[in-house]
Each structure stands twice: as C-alpha cells, then as structure tokens.
Amino acid sequence: MPTQEILDSVLEEVRPLIGQGKVADYIPALAKIPASKLAIAVFTNEGELIKSGDADEAFSIQSISKALSLTLAMGIYQPEEIWSRVGKEPSGQAFNSMIQLEMEQGIPRNPFINAGAIVVADLLQSRLSAPRQRLLEFARQLSGDSHIVYDKVVAASEMLHSDRNAAIAYLMRSFGNFSNDVIPVLNNYFHACALKMSCADLAKTFSYLANKGTSVQTQKQIVTPTQTKQLNALLATCGLYDGAGEFAYRVGMPGKSGVGGGIIAVVPGEMTIAVWSPELDASGNSLAGTKALEILSERIGRSIF
Amino acid sequence: MPTQEILDSVLEEVRPLIGQGKVADYIPALAKIPASKLAIAVFTNEGELIKSGDADEAFSIQSISKALSLTLAMGIYQPEEIWSRVGKEPSGQAFNSMIQLEMEQGIPRNPFINAGAIVVADLLQSRLSAPRQRLLEFARQLSGDSHIVYDKVVAASEMLHSDRNAAIAYLMRSFGNFSNDVIPVLNNYFHACALKMSCADLAKTFSYLANKGTSVQTQKQIVTPTQTKQLNALLATCGLYDGAGEFAYRVGMPGKSGVGGGIIAVVPGEMTIAVWSPELDASGNSLAGTKALEILSERIGRSIF
Amino acid sequence: MPTQEILDSVLEEVRPLIGQGKVADYIPALAKIPASKLAIAVFTNEGELIKSGDADEAFSIQSISKALSLTLAMGIYQPEEIWSRVGKEPSGQAFNSMIQLEMEQGIPRNPFINAGAIVVADLLQSRLSAPRQRLLEFARQLSGDSHIVYDKVVAASEMLHSDRNAAIAYLMRSFGNFSNDVIPVLNNYFHACALKMSCADLAKTFSYLANKGTSVQTQKQIVTPTQTKQLNALLATCGLYDGAGEFAYRVGMPGKSGVGGGIIAVVPGEMTIAVWSPELDASGNSLAGTKALEILSERIGRSIF
Amino acid sequence: MPTQEILDSVLEEVRPLIGQGKVADYIPALAKIPASKLAIAVFTNEGELIKSGDADEAFSIQSISKALSLTLAMGIYQPEEIWSRVGKEPSGQAFNSMIQLEMEQGIPRNPFINAGAIVVADLLQSRLSAPRQRLLEFARQLSGDSHIVYDKVVAASEMLHSDRNAAIAYLMRSFGNFSNDVIPVLNNYFHACALKMSCADLAKTFSYLANKGTSVQTQKQIVTPTQTKQLNALLATCGLYDGAGEFAYRVGMPGKSGVGGGIIAVVPGEMTIAVWSPELDASGNSLAGTKALEILSERIGRSIF
C-alpha cells in the first residue's frame, strides 16, 4: 500500500522532468495552465484517500471523461448495441486519424479514440433526455464532490476548434454510424472533456474499476464484475492513445489519459490512482505523470502483469 | 485453481464450436491437421501439470515461438538495442501488413507481428553462432521435453511460400533495419515457427512468465522480474495479432497465439495455460481455443483485470 | 470532321452496351433517369453544331460543373492563390477519399476531385457576391441557352446526402484550408452539380477549351491561351476520377465526366464534344459515353497523342 | 520548328537554375555527375537533328528506359497479357511506394513506377532468351548509335542498393504477379536503368512516338499507330512520377524522366525532344530540364493541349 511518504517522494522524483514535455496548446484555455502543477492521489478499496501535491486542484480531465461516458453507456445499452458501432482494438494510429475510420467503414477502432468517444456521445444522446446533466451528476456522485462543474470556457473553446471532430462525425454519418445531429452531440462531447476534477475526485470516481464494479465511495454497483473486467481490458489495450503498449510495458496498469495532463490508473482489487502534470510526451500522455505511475508501480510492487 | 474436472468440462463446452472456424491452409502441412484436435494444459507455479484432450500431441506452434525468440533476445541484448529496432505498440493492422512498416520507416510496431519477429530473428542471427540449435535447446530445457523437434516439412513449406516475408525483410533492409542476409534469417525464422510442441510442453515452457522470470520446470532464472512484467505487458497489448483488444476483453490474460491453433496464456503469480484447436477465427486466432480460455477465466475467477 | 452520319453510327455502335453499366443511385433523383438515354454533340471551332440522339435533352451535369467553376475561379484569382490551396496531380484514389487529404495536410490533389472542387467553391464564395447566380449566368452565356436552370430537386437531394462532403470540408477547415461556413459553400457546390444542361449546351459551353480560350459561341475571351492549355492539361491528367489513364489510353482527349453520365472532351484547335449515357463504369464514368468517344476518336483520326 | 538559335537561348535561360535542385545521390555513381551538365536535342519527323549544350555526352538514362522496355513488351505480348498485370492509372504516390501495391493486391498502378517496370522486366524475362542484350540492340538500332553501352558501375551499384526494389518484387510475387526469380529480373531491370545515352541518342531513339510508331531513324515500324497513341497517353498521365500533372500543366507534352536528370518529350506528328540537367526537383524530375521544355513549348508554340 502506498503511504503518504511514498507519494511525496514519487512526486519529488519526477518533478525534475517538468520542462521536458509540452503543455497542450490547441486551445488557449489549456495552454495557460502552469506547467509546474503536479499531483497524485490514491484511493484504496478500503476507502482511504492518500494524496500529495496539487491533488485537490481541479483541472480539465479531457479524454479521461471517455471512460466515464463509456461506463454510463454500458449501463443503458446491451453490449451488442455498443460493440456493433465501435470496436475493441487498439488503433495503431494517432488519436484523431481519419484514415483508419474511412478504411474500416466508419466503425471506430475503440471507444477511447475521438471517433469512438463521439459514437458513445451519440449513443448517450439517443437514450438520455439530458445527457450533459446526467454525466455531471454521475461524476459528482461517484466522487462525492458536489462542486464539480464543466469549464464553460474550455467547452466553448473546444467548440471553436471542432472542425476535425466535426469531420469525424460527418464521416461516420456518411457510413450510417451516427444517429443524431452533429453539433449537439459534439457540444456534449466537448462538455464531457471540459469536466473539471481534481486527482482526489478522479481517484474516488473510478474506484469501481478496482472494486469489481462497486463504487467504494457510494457503495453502489455501477457496473457488473464482468463489465469491470471488460472496462479494464479496454483501458489496458486502448486507454493511452498510441502509447498503450509503452504504458503497459512501463506501468503495467489499465489507465486512461487526457491532454489536460491527467491520468487515472487501476490496480484491480486494491486501488485507483490519479496523477496530474500538464506537460505531455510525444504520444499526448502526461510525461511526468506516466513516470510517477511507473515509479509508484515499482515502489509498491503492483502491476497487473 | 483449475482441476482435471474443470479442464475436461471446458473442452466439452467448446467442442461444438469446431466447424465454425477455418484451419490455416496457406501451406499444405498445416492444412491437413484434423480440425477435431482439442487440448488444454495448465502448469501451476507449484509445478503441477493438469491437462485434458490432446494435450500431449505436438503441433506446429507457429507464432507462439515469437515469445520464445524475444525472451532469448532479451537475455543477450540491452533493452535499447532491441527497442530502437522494434516498437512496443499494437499495430492496428493485419499481422503481415507492409503499409505501416513503410510509413514508419521500417521500424515494426512490435515483436509479435511478422516484421517485428523477423527483426528479432535478425538480432539472434547477429549474436548467436547457431541460433536455430540454440532456440531448440531452449525449448527442450524449458519444457523438460528432449524430444521436441523442428517440423522440417513445415519449415520447408514456409520457405516455399516466403515471398511476403522476404518482401518485409527487404523493405526493412532498405530502411537500414536489417543486418544479415535475408534468406538465412528467414530460414531460421521459419524453423522457429515450425517447432512442434504439445500443450503440456508449452505450459511448462512459458512458466517463467507466471513466476517472475524463473522457470518452474528448471528453477533457473530466465529473465528478471521486470523483464517478465514487460513481456507480459507486450503479450497483453500485442500478442493476439489484430485481436488483442477482444482477447483482453473476453479472456483478460497476457497471451500469444499461432496459426497452428495454439495459444498460451499467463496468470501472473499462479499458472501458465496452453490450448490447442486448429480452426481459426477472422483475426487468425484459435476460435475454440480462445473460447476455452474465456470460459476457464470465468470458471476459476482469474484474469489480470 | 465528324458528320451527322458518323455521329449517328457511333451511337448505334455503342447502344448495345446499355445494360452493362450502372446508373448512379446515391440520390433518388439520379437513380430514376432512364438508362436508355444516349446523346452526342460536337461543336466545331467554326461554330457548327452536329448532334445525334437525345442531344437536346437536359440532364444533371454533376462533376462536369467542376471544370466550369475552376474556369470562373481562374478569372478572378491569381494562379498562386488557387494552386497554393489545391494541387495539380492525379489522386490515384477514389474521388471522395479522405485518406490522401489527411496525409497531405488538407490540400486536395486537384480541382476535379470532390475536395478540390469544394475548395474552388470556397474560393468563389469568398470573392463573388452571388456565386450561385453567377455560375448560372456563366453557363447560360457560354451555351447561348437562356433556359438552363438548377435542378432544385437534385440539389436538395444532394444536400440531404452531404455527410461525406461535409466531412471533407470540415477536415480541410481543420487544416486551415477553408475560409467560409461549410453549409452555404456545400449548398453552392451541390447547385453547381445540379446544373441541367444538354449535350448541345455542353459542347457549346466548353468551346473556349478548343479555341485558345475564346468562346466560339460568344466570341468573348474567357481565359488566356496559356490558361486554356493549363485547363486542358488538368482535364487530361485528372478529369476522369481514377480512370484518367484509361481514358487517355482509349480516347486521348482532355475530358471531364459527371456521375449523371455526361462527358465533355476537347480536341484543341478543332472542336468540343459532349456525350451522355447514364450508366457508369467501375470508375464512375459513363460506360457507353466513353466508348462513343473512343470510337469517334478513331473514326475522325483525332486525339492529342 | 525549333532552330539552333532557339535551343541555345533556351539553355542560357535555364542555366541560372543550376544550384536550385539536387543531384540524385542514392548511388555514388550518380552522385558524382557534375551538376553543370546541360543539354537539349530535337529530332524532327523530317530527320533533322538540332542540338545544344552537352547533347552528345552519354548519361545514365535511368527510368527513361521504362518507356523503351514497355515498347519492347508491347511488341511481343498481347495487350491483355500486359494490362492484366499492370494498370494504366497515375499512382498519386511516390514512385517506389509499396502501400498502394499492397492495397491493390500486387498490381502496380502503371508501367512507369518501379513496381510496374519490374513487372515489365519480368514479362521480358519470360519470353526473351537474352532480354538484356535485346534491349541494348534495340536502343542501338533506334538511335543509330552502335556505341551505346550499359554502365556496369551504375548497374552494380544499383544492385547493391536494391533492397527496396527486391521488396517490391517479392511483394508482387506473394500476390502471384511475378513469374521468374527475383534477382536476375532485378539485374536486368537495373541494367536497363544503367543504359548510357546522350540527348541526341534519346531524341532519335524515341522518334517513333512522334511518328505514328515508325522510327524516323530506321524507317521501320516499331509499334502500330494505335499503340503509339497509347504509349503517349501513358507517358502524359504517368511518365513524370508524382509530377505528371504539373508537367502537363507547364510543358504539355507526353514525357518520361529519369533520376539521371534526363527527360524525353514528344510533340506527336512533329518531333521528339530530349533534355539533360542532373539536378532534380522535389518530384525527382530534372529541374532545369523541365523548365527548358516549358520555355521551348512556349517559344515554338507546341503542346498537345
């Protein structure tokens, strides 16, 4: 089990890496985040929260939300309704590539690349009356933090730079793999990305992934044990963009990253971990965050492999 | 822990699937294997072997040998010598595609697609005086079965149908990622694929993957605990061709398949499993074999996720 | 010079081919055109019009309009303003592929694939106050036929099936190669495709391509002699989708086809030819129309090669 | 008709461009050619040879030989025997790309990219007893220059750098589109590329392309008038690598370039032109050579468009 001391020392060990990565700058709201932010939080299946650094400061979780949206969709759709529209395989390409999407007839490789997450947003739009509000409540309940909000500036800024994602949505529509109007679905998708949560929030929120589907925070069952295993499998093979293999090799935990610099990772049966450091590596994953997880994995002797 | 009874019942459960897949037929020697063959073997970290069906019958392990060759290479090369020449990421494409290889300057995605395994064969060729003999001895020692041989008919037949793999090797050479003459390296590569081993042999051979790098059979350390974790991570993300995500989703174990219909799978800390059923699914993995592992995983409640 | 007799006999010779191609059916308005329609018209640089078959019946000119739009753009833009945004090379891919567009950073290969024509529509939108009306007047003047109209049903139907083209436009926008709102530009683009013109209209309209840039019909200079040569060069290498090589091989004239079954072809210095037969070959070009041009080329001994 | 004066002035006009391109350096034998070489030769259908600069100095014709090899193949094979194995369309990709070749099942796009020319070499190998000697005699007869030889150093050097072309040949073999052993065919292919000819030789050699298939030099019929038209069509759409569209736009003549810096161009019915300047542009075509043809085309008012 990680102690406060271990978490503190892990952060000190990776702090010198700050300056070697690059803060996401495709929208101004992300570009202005100080590169010096650094945080880690662990939430154990016993309900203990251990944290270090800026672990209570909320940041833009970005693509980490894709794991939350998929969880929501798995609760309201039959498996075949989801997996006929999005695959389960690593993409082997950059997260927003359209080449594979065209060659594979509009079926995205997995729910964690942009195209796949947009399909999930389309699914939520079709069956929920207020998908945006529902996702927010879901995050608030799972984290126990009622102050979680959407960062409206980020969401609006994403919408202003949405051409690539609009192209993806229209391409899927041209293949019959998109049911709703493009704009509102993208708007919800960008809001999900604009969720502001802290590492403490995130570690608590995803505790069901370490606890056979039951939230440690709320003690409610979110997904079945089998679905939990499936979610972790998808995270392990597809959760880190085109760096999933490297992450498995170095860290050895199912995980999901976001371009805001956050990463969540799961030690099934034991704990959920969240890290944050805004600078990204070449694959778009938090550079110091990945290193922190790698060191922690060695220090506590935990990995799925 | 799996019992004899469990293994027997798993095989009975999947036997009706025979007829729904397709035996590999790109070389005659594989095409003539009876589709009815069915086997499973489990080797625990305590040294217990449990088996059912045709578990003592040797078959062509094909790409399962890629895990063995990589293990051998990791013992004689520094990590950076290997990973500068082959990646660690899933390919997202068919196992023998050259498109990605050209776009990524002759660096194969991972050591378990053909291109990557041919790079590993090139590495072994450069540093071993008799790589083919060495690999055979390695398999014999790890399995404790001194009767393991290369199937000369299969190896010769592969060599006769080697144009695609020759194209791959020459393309890598044109990018400076191939050091030896193409033909002898391919010949060794095809011999590795032509190793004949039974499920019992395979479960014992790969026991080091479940036992922090130490062979349960020989009690010798084959790779370090960290290398073991790395090997399992690579198997989990890249070991099943373009079906790694589906395999993780359904089975949840690091694994490696071959077009001969064999699959090995690892439960770290507990056991190694080998299955065999010659008919393949659309991704080139044993159809009934995958199902057997999926059922066994549920029955014994074991998975890495 | 072709005579009435030659044109009649060419049509009779190709009529048996009707039934071997496939009428475009991606929108209902095109699908319902009788496959039996067959027409040819020749307009000589001396102003003589020779025609046969349904040569006075207007049909949807579809992509033939791309040549007209480019001509319009060449009149109001400097060459570098156009050719920095769209290339001059054959695509080697299907006319609506997005793969190349992504790999080449949003710069379409040439102005005659959809992406390139949409860039031209974006250019016209930026500099003309009423681009749609202007194009219509252009067609009316050049043909001398004041009854030419847009087929509103076709334009509306295209707009309903515009997802693929919207994806193309948004992808180019994401690369900074699109200046206006997507919807109005697409709407104008679809209207251009929905121009209804007869073979007689088309042969007259494009007479400037055979006459060093001066319209034979109006005796006005439309483009310079050098621009005429450039337009013909682009038509010869890129005008027939992914069948330009085959068309050059068989017919040997610069040309532009549309999925409505029309093709225009140019014999520089002598004449412009228009053919119409709704059934298409595998490349999307009129099957009997191409054959008619091939036979005519042989019969009158004219080709650019 | 070009005069001596015109040719002299064209060369003076383009000479300042020397220094802006890049001499091919993938083999040493090409890299050492002085960048200052500059030549032009015109051979009219009346048999007049006009030349300027280094027009009698032999250089490595490289890919220009692909037009000669195809001519030879068209004389000994039925059209369908050739065109079932190689296409007639521009590739839209770099001349040695394997991506398209894999996606299109081993059928090269056209006979002027490497893959296509290797298929032609395979065809010649299958039906000629001494293809290498035959091609040499063909070049000697057509040019009337009995001193033409293969540059053995260049051929040997190409063979040493043949990995990419070997990959291409083996890939086609894996698709069943290659009949002979790879090495001897490549050896002949490289010898063809290593033909040493002057601009004067080249202009005379290809005179049949301007003269309905009959060599102006020998007055023998080399190909039929229809085949001549077909060859010119293929040259116009595919003869300049991925710069065919630009060449048509600027020069407006069927042509074929080589990385030795030579280009041949055809004015059907009038003349054949050869230029030489070793520095290449980004598409691999002679930079000053292309410009010389562009200026000459304007000066004499000749182009096919």
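Per-chain numbering from 1; labels A, B, C and D assigned in written order.
The rule is short, and it goes like this: a contact is a pair of C-beta atoms (placed from the backbone, for glycine too) under 8 Å apart; a residue touches a chain by one contact, two chains touch by 3 or more.
Because the structure is predicted, anything quoted here is derived from the model rather than measured.
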Touching chain A and also chain B, the following chains:
none
For chain B and chain D, chains touching each:
none
Taking each chain's centre as the mean of its CA atoms, which one is most distant from chain C?
B
What is the distance, in whole Å, between the centres of chain B and chain C, each centre taken as the mean of its C-alpha atoms?
55
As a quick test, compute the distance in whole Å between the mean CA positions of chain A and chain C.
48
Between chain C and chain D, the Cα-mean centres are separated in Å by 32
Please set out, as single numbers or ranges, the residues of chain D touching at least two other chains.
none
So the touching chain pairs work out to A-B, A-C, B-D, C-D
If you look only at chain C, which of its residues touch chain A in the complex?
97-99, 102-103, 163-164, 166-171, 173-174, 178
Chain B partner, complex, touching residues on chain A are 87-93, 100, 109-110, 226, 228-230, 232-234, 236-238, 242-246, 248-249, 252, 254, 268, 303-305
